[in-house]
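Each of the two complexes below includes chain A, the first together with chain B, the second together with chain C.
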Partner chain A sequence: MSAGKPYHREVTRTWWLRNPFFVRYMVREASSLFVLGYSLVLLRALWALSEGPATYAAFLAALGSPWAIALHTLALLMVGYHAVTFLAMAPQTMRLEWRGRKVANTTIVAVEYAALVAVCGIVAAAFGVL
Partner chain B sequence: MAETIGIDIVRYRPEKDGEPWLQHFEVPYEPDMSVLDALLYIKDELDGTLAFRWSCRMAICGSCGCMVNGIPKLGCKTFLRDYYPQRVQLEALEHFPIERDLIAGIDDFVVKLEEIKPYIIRSDERPVAEGPFTQTPTEVDRFKQFSLCINCGLCYSACPQYGLNNEFMGPAALALLHRYNNDSRDQGRKLRQPIVNAEEGVWSCTFVGYCSTVCPQAVDPAAAINQQKVLSLVDYAVHAGGLGDSQDEPS
Partner chain C sequence: MRRYQRSHEPVVWSLFGAGGMVAAFLLPVLILFSGVLMPLGVVDSTALSFDRARGFAGHWLGGLLVFSVISLSTWHAMHRIFHSLNDLKIGARRLRFMICYGCAACITLGAGVLVLTLQ
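For the complex of A and B:
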């Protein structure tokens, strides 16, 4: 029921700058672009590898430039932030039950990190790093 | 002289004002005063024309929600001691039209609450003589959290997606939908599925998650919506795969 003249407030384009929570949300969303960007770098590496040793060596050399190192450092931070926020939100997307009780969100996150460490270990072992 | 705290209120009187304006009040400060207490003091002692909703004073009626320094909160559950000696600015809940002063027009929210069929739907009604439906503690736990909503509307003010496009069903309505879909006595999921699957259903949510942060009852609407996304995806896969629907629900 309206008195006849309700006042409508517009949402401005800078709505997300007013609240640190929304800034973190926008950074989280923007971090997806870095996940995409780094996937393309990895694809580029595969392509260079398929072209032969000379192309791959040139690709590796290009990665040593200060710009490439700066970009990779930024990408690492953003992908890390993306991963942390992704794992933190995952429990809200599911209700898991164990023996008739809801599994606590903190337990789910702990298992996620344990799985992450395990997968990293397997990959590292497969490539002979460990 | 008693200590005072500055309260700035965004006023809007539809019969007089073209747009909202800020009015400053000085209110005697006590550490146990809530924002609602300050509003009642202003109404009684300083300016009787100030309009705001309130009822229970104990965070259960959901009437006194407003923006406190830009954050949606219940006036009765927000204490001046957390701001003193800084000023506090109050405004009607965001993303809703201002009817008058701190009163937001929440009609759209109420319509959405009704749209999601917030009641138990049965395909096989049983006679009263057969007694009540029984539920295990686990079955109750699956929906109880989502039934604690007090319809205060804070989550709609916290949701930028609703602010940008109010076609979105929004946090509280979808949390209530989730509550009924997860009730073992309910058989109406199939009837609610088109609301879930729609563009303005769960898929307008981008999981900002602020709805769950501001909720005074820890309902966690973001969890409800994102769990419904999973079910919406399953529903899509079942239909796309031509497997039909095995649910024994009313059609």
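For the complex of A and C:
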């Protein structure tokens, strides 16, 4: 008596192209590359700072090139999408209670956006805006 | 008695979660100001002058902040890249693990050393 050969559904490399939901998921995953890229830019800035004023000036000049501005604009869009989806996910990854009652998902997201506005305000103030 | 192999997931997930907060709250506005508005001349470039940036990263609190932003967002991104490569069926699991988290560890070490030399 044979149990038969178990059915094993083959996973292709392009499985995510069949459904727009999975395409959005993959775009979101790709945005991680820009998060990594920007942390490398920050690491590069830190290295330039440790080397001295001349190296740091060259780093700032490189930030002003058209390619750098275009890449940073793309990074802003991708990391922005990464951030918006991360904030939207928070109610699903944590369950908060306040006085024995579950905090509404919309409240959690609203508090996150209030904190985001505060952080943006601090950074804007550091850059001399506000 | 059966011995269970411990998963690496809780450790990297905590770093991933903390990094996600940093990436969501700080990175977009940092990219906007330092990478777009300042190079375009909308914002004054004295904000990132050598003395100011050196003073910020050279202070223990500023240095800790810069180190945390770099290392945590790297761990966050590498964790997702590790799982996306699996989704795309690229590389053996062990190899992906070594490359992704190995790079994250190296970047963390590099950022730590640089911040310490600036103190």
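Going forward, the second predicted complex is superposed on the first by the 113 of 130 C-alpha atoms of A that agree within 3 Å, B and C clash if a C-alpha of one lies under 4 Å from a C-alpha of the other, contacts with A are read in each partner's own complex, and residues count from 1 in each chain.
Just so we're on the same page, a contact is a pair of C-beta atoms (placed from the backbone, for glycine too) under 8 Å apart; a residue touches a chain by one contact, two chains touch by 3 or more.
Model, not experiment: these values are computed from the prediction.
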{"item": "Touched partner set for A:P20, first chain B, second chain C, both or neither", "value": "neither"}
{"item": "Touching partner for A:K5 - first (chain B), second (chain C), both, neither", "value": "first"}
{"item": "Touching partner for A:R95 - first (chain B), second (chain C), both, neither", "value": "first"}
{"item": "Contacts of A:E29 with chain B and chain C, given as first, second, both or neither", "value": "both"}
{"item": "Chain C versus chain B, contacts on chain A by residue", "value": "C"}
{"item": "Common ground on chain A, meaning residues reached by chain C in one complex and by chain B in the other", "value": "11, 15-16, 29, 93"}
{"item": "Residues of chain A that touch chain C when the two form their complex", "value": "11, 13, 15-16, 26, 29-30, 32-33, 35-36, 38-43, 45-47, 49-50, 53, 56-57, 60, 63-64, 68-69, 71-73, 75-76, 79-80, 82-83, 86-87, 93, 115-116, 119-120, 123-124, 126-129"}
{"item": "Chain A partner contacts - residues on chain C that touch it in the complex", "value": "17, 20, 23-40, 43-48, 50, 53-54, 57, 66, 69-70, 73-74, 76-78, 80-81, 83-84, 87-89, 107, 110-111, 114-115, 117-118"}
{"item": "Residue numbers on chain B that touch chain A, as the complex places them", "value": "12, 14-15, 19-20, 70-71, 94-95, 97-100, 105, 107, 136-138, 141-142, 160, 163-164, 206-210, 212-213, 220, 222-223, 226-227, 229-230"}
{"item": "Interface residues, chain A side, partner chain B - complex", "value": "1-9, 11, 15-16, 18-19, 21-22, 25, 29, 89, 92-95, 97, 100-102"}
